[in-house]
Structure formats: structure tokens, C-alpha cells
């Protein structure tokens, strides 16, 4: 009862209330969707503790057992404390951790940003290796994939215009017509699938989370 | 003289903003000459002697929504709009006061309501039918889901672990929920084959849900003792930090099978290419349509959009689940039918219109407006 | 094992190395491939160009962070140079989010080297970050002095000649927003639709597609899409004899062309190899 | 050549190289950068969450608010506290309550979004209108796109075997999907190369000063 029925009832009631209030602007119903999001972020704050706890424990175990590469866990702790402590200090000093002059933002800009952009920029290499490997005309479908990819790649750079001055136009036609249609179909499918899943959740048919 | 003409043509109306929760009045101007440069809206209420500035009216739509925090429901508010012309300013008062109140039903959402009712009816009816007659149900093959067993099996043969990588969105995303269903299947197979699994998470709530899911799957497989919570790990709350972490784990643990399931952003290809480089068999699934091309290029199997959302029905094969899929398919038929009827009426309508009969065209406009 | 067999199983690190070389060589030694000008860029350029001699200002907003810097920073530099060369007053704004200020500072520093007679306060003003997001856009409609008070360096705006005469959208000819996200639509909604101020947009190659409708409806005067858009703007500057310094975007486009061709070449070679090996296997 | 003397540029450059070294193979430098990144990321995430969410949405209304409805916020706090039950073996099932709330919220919030933003907008855009045939080429393009939407939807029809007309339509659908994916892929290449150019300009210009 406590472990199964009540959670199912909570899901049912929350789901139905929020869907119904979508159609009712009158207070207090009109604001409920917004409130649900607020509640979500509050609960999220608590579960974030679970995440931090899981990580800290994970690295603590590594350190204690002197597992292979244990000293990288020290690096992890340093990074965590650096951003967390500067965040708190900056908040106290400037009233806003995201103030441009705060030490928190300074670390953000000088350490986190280069790491982010470099990691992001790995894509330039991977997009090349993936195209080399994957774009083989193994069958009809793969050939279609390959042909539009190559045309669009060429049409996007000045060289494409030099090769055939209509290529940029063909490229935008492919993007606006050939690409848009199927993407719409995929979107409609995903939306209908989402609604169907929502109904299954409300009705308690789909209950992965409650097992 | 010019001023007189302008004065006589511009009219301003103040009325309750429709379909809202109250405390808001819309002011709209009609017949405004295009030469107007700026329009300022002023408000006063009972007890006020002078007007106070309420805001700037858009000179494209000639509409202004006054949702000032002082506005109360049921109280009359008087409005004046000053129109700035290159050489003069003209003040026009609203012909009647605006009174705000809250509505109980949002009329703009009627189409959603109708569709929701039709769609839910389909799903509910087919679930009922499925309970009565579980025989006639069918679901088409989804190769990526059939490949789960094969992938875990191969990983076991090679003596390598299986990786399950969650996407970046939280549990409010339908794709994440579908990922948990797939995780349950994967974890059950892993438990049966007695091979290690590692689940990486970006969202702490998804992590706790994953722990519950894997624990349950191990119990189902009859091996609750083998479940280890430490295999479901949290990495970090930063997109590319997560990517760096997963990549690192991939090259060090060299998994034999990798599942990339959930909503991914730009990191999709970084993960899939690294996974490929360690020789893993990869099954991806996402509802992020922008990332699907990269998964299709770099992974062995891909669940495309809705295929992923149908996973729980496909894996479980319970009659009620399959019934809901059938209901949702009928929703598609309904939608296609509306589109088809719309196109048909539009085509005939435009032919008739050129022949002088615009009635059908009006029907077409109504259909368009329905959406 | 023949050549093609080995080629098909090539270690992908070779691909990485070739891509890296293809990017670095054009950076070190620009190729000077020709640039073809597209209408959205030309329209923005012409609009700003026609402001020469009027007493209206260009308002340039830096709404991006380091992640989209490679594409958007050259746009900012090019627009600032254009204004400096034509003596069009320009207000450089660090953007609605705090991360943009550093980007704007960098762009000004890069642009001003070739224009010794440009004077701060008279020809350009640099505004820093104030909180409020879209409310800032609305507030500029009332008064720039009232919204910001001071410039980035802490000078009071009512002491600078430029901001003394230009205080709201009435004297702003165009707002050019550089952003990889949806902030240009905020400017459209609040500055254009409310105050009628014209909007131009510079955005990343990925986001450009979603903004074409805005061009069609005239909500944007013009648009710079990705590195290519920036390169076209640089090309227009060159054609009109305006010094461009190091043409970052044009050089970047050289690298783009080389890498695109390289990837296509790899795909073609991969397919030739694939068919060759398959035919041989079928015969065997 | 003017090598930078700014220590922060050096740190950024070394971290950049450490990440890039991963392309060759896993190594201690990458591992260092990776662990630092994850540590910073979780700290940054915690600060971000605290200042953008907990303080404005929870602390401010409770501590300074006057609205009588603010005490409803005690419910999510209670639910949040239940999730901490996971720390104890005996009460770990308490997590099911906040999870159940989440599931309800998922349903409630995703249904309107699905209707408003996706289904209707996409379907309306699909219906062929008179204005779409203002010239022959445009007309043909719109018909091609229309067929693309319809056949793609039939590919996602699950409850019937893909045979006969449905089979053919779904087959056309998958061809369309492949064409679209190829186009998206090719379209994105440029943006990704730009990122690499950006990093290279940082290394060669800001750090080493080889290029001006």
C-alpha cells in the first residue's frame, strides 16, 4: 500500500490536475503549471545532494583503497572545492556569484571555458572520422544519407559556389524541403508518443520507476 | 483640419484580456495612420485625478496589454493613448473603461481539448479491447530493441562490461523514461549473464530512478544479491564535463556494448565515436531530432524518436501496453485524416473560389484556424 | 593485403592528423579563396553604410559567450570597423548576459588599432552589464542614461558627448545583435515591435536556418550567418577600402573550404575502396 | 612570435592540449583535465542551482514573502527530504514519493507542450495552402515536402505489419528520413570546424603568438 498504491495515486492526481489546469486560466489553477515547475526545482535541489554524495563517496573510496589512479580523485576534489568555495565567497562579496568581477566568474572564464570549448571542439575531428567511416554506399538508404550529406557540405562553402553557382540554392532547397518534411513527421511522432506515454503513466500502466 | 480628420478616425478600445487569469486589460487602437511614430498609453482609475503612464503601445499591432501589478479584477480603468506624429501629438480616450476579470476556460485551447479527448478515447478504448482479446495485437519489428540481447550477450562472451549512458535531460523528459525501460531490459540480461554493468548519470534524480530500476531488474532475474549500487554512478552536472568523464570511462573500461539512451545535445557524436573506437557494439536512442543523424552515422542500431517511446510496449508485450500503442496509432490516422480532409477542401475550395464561390474556402480557413 | 584494404582500415588518428593540418595551414598561410556575397549580408552592410552622415547610432550587442566566439567575434570586429571607418557613432553593449562583456572588450581592442583618430566618448561608447535581461531592452527605449548610468569604464554617460545626444531608440538607426541563441528574437519583440527600432542579427551557422523567416518578414534588416557571414562582411569592407586587419573570418573560411573538401575526398576514396574490395571479394 | 606571459593563458593552453591529447590515446594529462573538469562541473552546477533556483524560488518567498500561498512550498521540501531516505537501507523506498510526483508532473507538463508547440504547429504547416502554389517550382517543392511528412508518420505506425500500401509508404518514409539526416549532418560540419578554428586561433595567437 505505502510502497505501491500511494505513489501511483500521487502520479495520477498530479498528472490529472496539471493537465486539467492547462485549460483553466482562473486562479489558483492558472498558476499551477508554474508552481509545479517551482516544486520540481526545489525537489531537484535535494536530489542534487544525492549526486554530490555519490561522487564524493566514489572518489573517497578510490582514495582510501589507493586504487589505481587514486591521485586523480584529489584533482577532482580540488576542482569541486575551487568552484564551490569561490562561488560562495563571490556571493558574499558581490551578492551575486555571477558578477563579472567575482573570482567565481574568473575561474569560470579561465579554466572551465577552455575545457568546455576544447571538449566541444573535439567534434571537428569526430565529424570527419564519422563521415569517413559511415558514409559508404552499402545499400540504398546509406547512399541517400551520403549523397545529401556531400551536396550540403559542398554547398555550404565558397568552393561549392565556385564549382557550380547554383549549388548554394540546391543546398537550401534540400534543407528547406527534403529535410523539413521528415523532421516534421519525426516531431509529430515524438509528440504523439509522449502523450501516449503520459496516459500510460497516469493510468499506472507504465511504472518503470515504481518497479 | 488634418488634426480633425485624425481625431475623428482613430478609435481606442479597452477590454478585459481574454482567456487569462485576470488582472490584465488589453488596449487596442483602430484606424491608426501609418505616419504615427510612437504611441503611449496612460491609465487612471476611480479616485485618480490625472492619468499615469502605463506603457508603450506597439506601433505594428496597435495593441498594448496592461498587466500592471496594481490592476485589480472588477474595477473600472480609464485609458488614454497619445499618438505621436512627426509634427503633432493626438490624444484619444478609450470609449469605455476596461474591467479585468478571470476566465474559467481558455477558448484558444479548444482544439487541444478536442484532440486530447479523441486521442485519450482511442488509447482507452484500445486498452479495453486489448484486455478482452489479447490475441489480435501486433507490433512491428524494432531491430534496435531486438539487438539488446545480442549486444549484452556479445559483451559477456568477450568478458567485457556493458555501459549504459543516460542523456542530459531530467526525468520529466519522455525519452528519459523510455531510457529507464530500456535500462531495465538491459539490466535483466546483464544479471542473467552475470556480467558487469556501469550506468552513468547526468541528473541525480535519474540516478536514483536508475538504481531502483536496476535493483528491480536483478530481483526479477533472481539475483538480487548481485546488485551493486556503486555501478550506477553520478558523473557531474556540466555538459562537456560529463562527456569527458564518459569518454574516459569508455577508453579505460573498454565496454563490449554501449547503450546511449535519452536526450543528448552536441556531445552525441563525441560519445558515439569514442564508443566505436573501443570496439563496442552501440545501440543509441534519442528523441533529440538534431542528434539522430550523428547516431545513425556512428552507431550500430538507433531508436529513432517515437521508436524509443514505444520501447516499453515492445519489450513488455503486455496486452494493455500494446493496446495503448494501437490507440496512439489511431491518433495518427485521425491527424492524417484531418490533414487529408483539409487539403481536399482547400483544393476544391480554391477551384470553386476562382469560379466565384468562396463558401468552401471559408471552411478551409476554419480548419486551419483549428490548429 | 592490398592498398585499399589498408586504406579502409586506416587508424582514425591519421584522419585526425589530416584534419588538424588542414585547419592549421590555412591559418598560418591564408589561401585567399574568393568570397561570394549573399543578400542577407549585403542588406545589413548597405543599411549600416547608408547611416553615414546621419546622426543616428549603431547599437551593437554582444550576446554570446566563449563557446560561440569563433563564429561571432569576427562579426563584431567587422561591424565596429565599418562604423569607425565611416564615422558612424556606435554604442558597443556587453550584452544581456555577463559573459558577453569580455567578448565586446576583445572586439573593440581588435578593431580600434587601425583607426587612430577615433575618440572614445565621441565616436563610440562601451556599455557594460546590467541585470534585467529583456527588461533592459525595454528600458533602453525610455533612456540609455537611465538604464546604465555609467559606461563600462565607470564614466557617467551624461558626460560623454555621444550618449548625451543619443539616449533611446529614436536616435538608434539599428540594433545589431550577435547571439548563438534566441536573443535576437527578444530584440525583435521588444525593440522593433514596441519601439520600431530596426534589428540586424549575427548568429551561428547552426542557428541561421531558424532565422530566415525573420528576414522574409523584414523583422531583421539583414543577417550574418556563421563564419561565412562574417567573412562576407569582411569582404565587403575590403571592397570598400576599409582596413580589416587580420581577416579572421575569411581565413577561417579558407580552413573551412579545405576541411570540407578533405572530408568529401575521404568519403569518395572510402567508397572507391569499398567498391573495389567488394568486387574483388565477389569474384573470389 | 610573441609567447604569452599571462599565466592564465598558459593554464588554459595546457588544459586545451591535455584534452586534445585524448585524440591520440588516454593518458595522465587527459585524466587530470577530465577529473578537474568533473570537479569544477559539479561545484559550478551546485552554485548555479543554489543561486538560480533555491534562493529565488524557495528561500526568498519563505523568508521575505508575504503571500499566504508561500507555505505550499513546504510540500516540495517534504518531498525533497523524503528523497534523502535513500541514505538509509530501511527507508530507501521513500524515494518513490518524490519520483511519483515527478511522473505526474511529467505527464501534466508534457501533454500541453506536445499539443501546442509540436503537433498542431507541424500539422498546420503541413496542410497545403493556395499560397504554396504561387509558382510551379514552389508547388512541386511543397508537394515533395507534404509527401515527406505523411510517409514519415506512416513509418512510425507500429501496430500493423508494414506490408502493402503501408509498407510502401513506410519505405518511402525511411528514404526521406535518410535524406534529411544526411542533410543535417552535412549542414553541421561547418559549425564544428569553426570550433576547432577557434581553439587553434587561441593556441597560435593568444598563447604562442605565431599568427597576428
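Per-chain numbering from 1; labels A, B, C and D assigned in written order.
The rule we apply is simple: contacts are C-beta pairs under 8 Å (C-beta built on N, C-alpha and C of every residue); 3 or more make two chains touch, one makes a residue touch a chain.
Note that the structure is a prediction, hence the values are computed from the model and not measured.
Where contacts are defined as at the top, ignoring subunit D still yields one piece in which all remaining chains are linked. By number of C-beta pairs in contact, the leading pair of chains is A-D. For the pair subunit A and subunit D, the distance between C-alpha centroids works out to 3 Å. Each chain gets one centre point, the mean of its Cα atoms, and the points for subunit B and subunit C are 31 Å apart. Put simply, the C-alpha centre of subunit A and that of subunit B have 14 angstrom between them. Annotation: 26 Å between the Cα-based centres of subunit A and subunit C. Of all residues in subunit A, those touching 2 or more other chains are 19, 22, 40, 43-44, 47-51, 55, 96, 98, 112-113, 115-117, 119-120, 122-125, 127, 129, 131, 133, 135, 145-146, 149-150, 153, 156-157, 175, 183, 186-190, 192-195, 198-199, 201, 209-210, listed in ascending order.
Of all residues in subunit C, those touching 2 or more other chains are 12, 16, 19-20, 23, 69, 205, 209, 228, 256, 259-260, 263, listed in ascending order.
Annotation for subunit B: residues 109, 112, 116, 171-172, 174, 177, 205, 208-209, 212, 235-238, 240-241, 244, 292, 294, 296-297, 304-306, 310, 325, 332, 335 touch two or more other chains. Across the complex, subunit C is touched by residues 23-24, 187-191, 193-201, 204, 210-212 of subunit D.
Remark: subunit B residues 37-38, 56, 58-61, 277 touch subunit C in the complex. Listed in rising order, the residues of subunit C touching subunit D in the complex are 13, 16, 19-20, 23-24, 27-28, 69-71, 204-206, 209, 226-228, 246, 248, 252, 255-256, 259-260, 263.
Of all residues in subunit C, those touching subunit A in their complex are 12, 15-16, 19-20, 23, 33-36, 38, 65-67, 69, 98-99, 101-102, 128-129, 131, 205, 209, 228, 253, 256-257, 259-264, 266-267, 270-271, 274-275.
On subunit A, the positions that touch subunit B within their shared complex are 19, 22-27, 30-31, 40, 43-44, 47-51, 54-55, 58, 61, 112, 115-116, 119-120, 122-123, 126-127, 129-131, 133-135, 145, 183, 186-190, 192-201, 203, 205-206, 208-211.
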